[in-house]
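Several structures are given next for inspection.
Note that chain A is present in both complexes that follow, paired respectively with chain B and with chain C.
Here is the complex of A and B:
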């Protein structure tokens, strides 16, 4: 039976797709996102990371302590380029 | 279980290390280990813009990038990689805002054309035909080559790594090279945090950390690292064909096939070092440049900014050679911000060099000794 529960909503990834990639050797969240884009969408992992980390733990047998969270980077929520540009006076 | 000996040990699981490993194995040397302290593409490769341009100002870079583009075009089939490497060849559009840039581009283009690269100088209006959302205020002209483009750096690296593994190469992730052992001037082994590997040949492909690997064999390499920041937007429908870059404003901006815009800029005041943090000034300054150059992008949301290390040499050209003082110590380092686009040919020439074959490109000019001899291969056109 196809496991089509969605784990990463922004990038539309099913649990099956995530599990496949972990089994192929992407054994940390950072490694996994680089190949299948989980956590690279608009939410930047804020909705999916916890669930995906659980899948990595289950398949690799690693503990929570052995699995670093992905690195947090700005902006904390999506921000329009025109708003980010505000205050930049270099009109060249 | 980790191997305790290998013919060649490569330090660094970026695109360069993986491309060298694959080419060694393809040429028959399969007893190869790649050491990566984190996961594949953890370094500059997984943080880069992955642009591939043949529009360079030195014969060396034109030749290396053209040969590499020839390979990128067939990489999926060559490496039998099931996922698309997302090569998008809609060109590089290089903007000129100063008369002296136009003069430089003219020189570059005549060199490029002589070497078989189909680039040309175009007017601001022609530039706007290629990129309709480009604001051409103040633009004097642009250089364009339609066969340039960009690819997905994660999949390119994984493609090399998977192909290398199928040929017998071992890749150990989360394994750090801590030291290199020698007896007399001969290399005898590599010490990792998971054990020792006996070897007489080591390849330094450690990107931004190549200086530290050099220190392990007593070399002070003429390279330094420098943070470069980059950011990405939410995905939208296809809008922009080419990679657009400006040396004057120090920025580049592309739309990847997935739909996101990826853009970055160099900061002339960035201090040397291994910092890969992020700054709000970058976000603000680059957003300003982008909104002025591409007004319609103002309503796009930035979702992430990050950074990675350029590994820079005094002439902004890589060092590709065996160290004269340390036989068996090879290096492919100092790519100065354009190592992704020449990785395919770098993999080939390094494998040839290591196996004592005739080297198929004139890279002997990229040796370590050129700095002392004063024979720099100065590249005028870098971001």
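Here is the complex of A and C:
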């Protein structure tokens, strides 16, 4: 059966693409993110991170304890720049 | 910048219960909710809860949401923002939220994260075909918007969500081909599983999905029997004809704000993934930051309500509001009895690992 499994839906990444990138040396979610953009779409990795962590563990033999998750920074969802620039109404 | 005693993120069962308890103790509360309505997942729950009367047994989830919302709207100490998505928590203790085209900034004395959970996704071929749904989406379409999500459904996962949503699909006149479950046992309550079986729907344990079939949309699914290591057993593959593949394969805690706040987190398979380490009052490793509901560990609405009460009242006590010890002990007692018995075993194991 052809492997036609999507792991990151936001960035349309197949399991095969993720596996190739891991085999080439991107052995953490942060490293993969920089190379193939997993976790950088609308859901910010909430759907794919756990499944991709499992792929990294299976290929590299690393344990979960050795595998840092992606770094969480604000804003945790996408917002319009104009909204951020406008700030809180109280401050006007 | 807004100041408040307690900022609560999420107005599901945990956040609503917490807001009321904290306000009753005398605290000023800001309640942030991403949706346009209060209640979180309760609004989709058309079934009756069971358990004990004081925890809303016999009421439907949606009525529990209404019950809480009415009290909250009447309470002058609770300021509610709906359509407000929490964005970040910063080193100086400022919380931001996207709200109505601007960015709210709140500096709370204490914070309760009751942000809930997100559905898990399992990998299988063609899993991006239209017609592959999360069970939460199916429930929203059906029970909130009155839209039929298909004609014939394959349910993946026999936990409580898979069982309850299957039953609700049938109530809505939609056929359920089968419920498949990867493990060797039904994860949900027998009372739900029995109802499903009486209606003639097979629950196939030790089964998984290999592939969604279809070109433009789901027209079927390829399923297979698996062994205890989740390896497909040769010769057991078969196709089922369905137009909806509904995934009810578990939930993950939505903990971004807690990571941002630097809370100590631990991986607990029993609780659904990474969850914060907490004390018995539901305070995290960061002083003044509390948790309740699914973000603290995947459980269900009744425990979320009780955890919300506990966290809300604990936060109030922390700030010096008068709280009767007896009341706190009673909530803890109620939680303990809810988690007693074989069904609560995995929760007890998970909590033993993350409670300090």
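Everything below uses one rule, namely that the second predicted complex is superposed on the first by the 85 of 92 C-alpha atoms of A that agree within 3 Å, B and C clash if a C-alpha of one lies under 4 Å from a C-alpha of the other, contacts with A are read in each partner's own complex, and residues count from 1 in each chain.
Quick note on the criterion: contacts are C-beta pairs under 8 Å (C-beta built on N, C-alpha and C of every residue); 3 or more make two chains touch, one makes a residue touch a chain.
All figures in this text were calculated on a predicted structure; none of them were measured in a lab.
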With the two structures overlaid on chain A, would chain B and chain C clash, or do they fit side by side?
fit
Looking at the overlay, does A:15 come into contact with chain B only (first), chain C only (second), both, or neither?
second
So, A:79: does it touch chain B (first), chain C (second), both, or neither?
both
Have a look at where A:30 lands relative to chain B and chain C in the superposition and call it first, second, both or neither.
first
According to the stated criteria, A:6 is in contact with first (chain B), second (chain C), both, or neither; which is it?
second
Using the superposition on chain A described above, determine whether A:88 touches chain B (first), chain C (second), both, or neither.
both
After fitting on chain A, the minimum C-alpha spacing between chain B and chain C in angstrom comes out at 7
Would you mind listing the overlap between the chain B footprint and the chain C footprint on chain A?
44, 73-75, 79-80, 82, 84, 86-88, 90-91
The chain B residues in contact with chain A across the complex are 38-42, 46, 83, 138, 154-155, 158, 173, 233-235, 249, 258, 278, 280, 283-285, 287-292, 297-306
Chain C touches which residues of chain A in the complex?
1-7, 9, 12, 15, 43-44, 46-48, 50-51, 64, 69, 72-77, 79-80, 82-84, 86-91
Could you list, by residue number, the parts of chain C that touch chain A in their complex?
1-2, 85-90, 96, 98, 101-105, 118, 120-128, 210-211, 252, 254, 256-257, 259-260, 267, 273-274
Hey, which residues of chain A end up touching chain B in the complex?
26-28, 30-31, 34-35, 37, 40-42, 44, 71, 73-75, 78-82, 84-88, 90-92
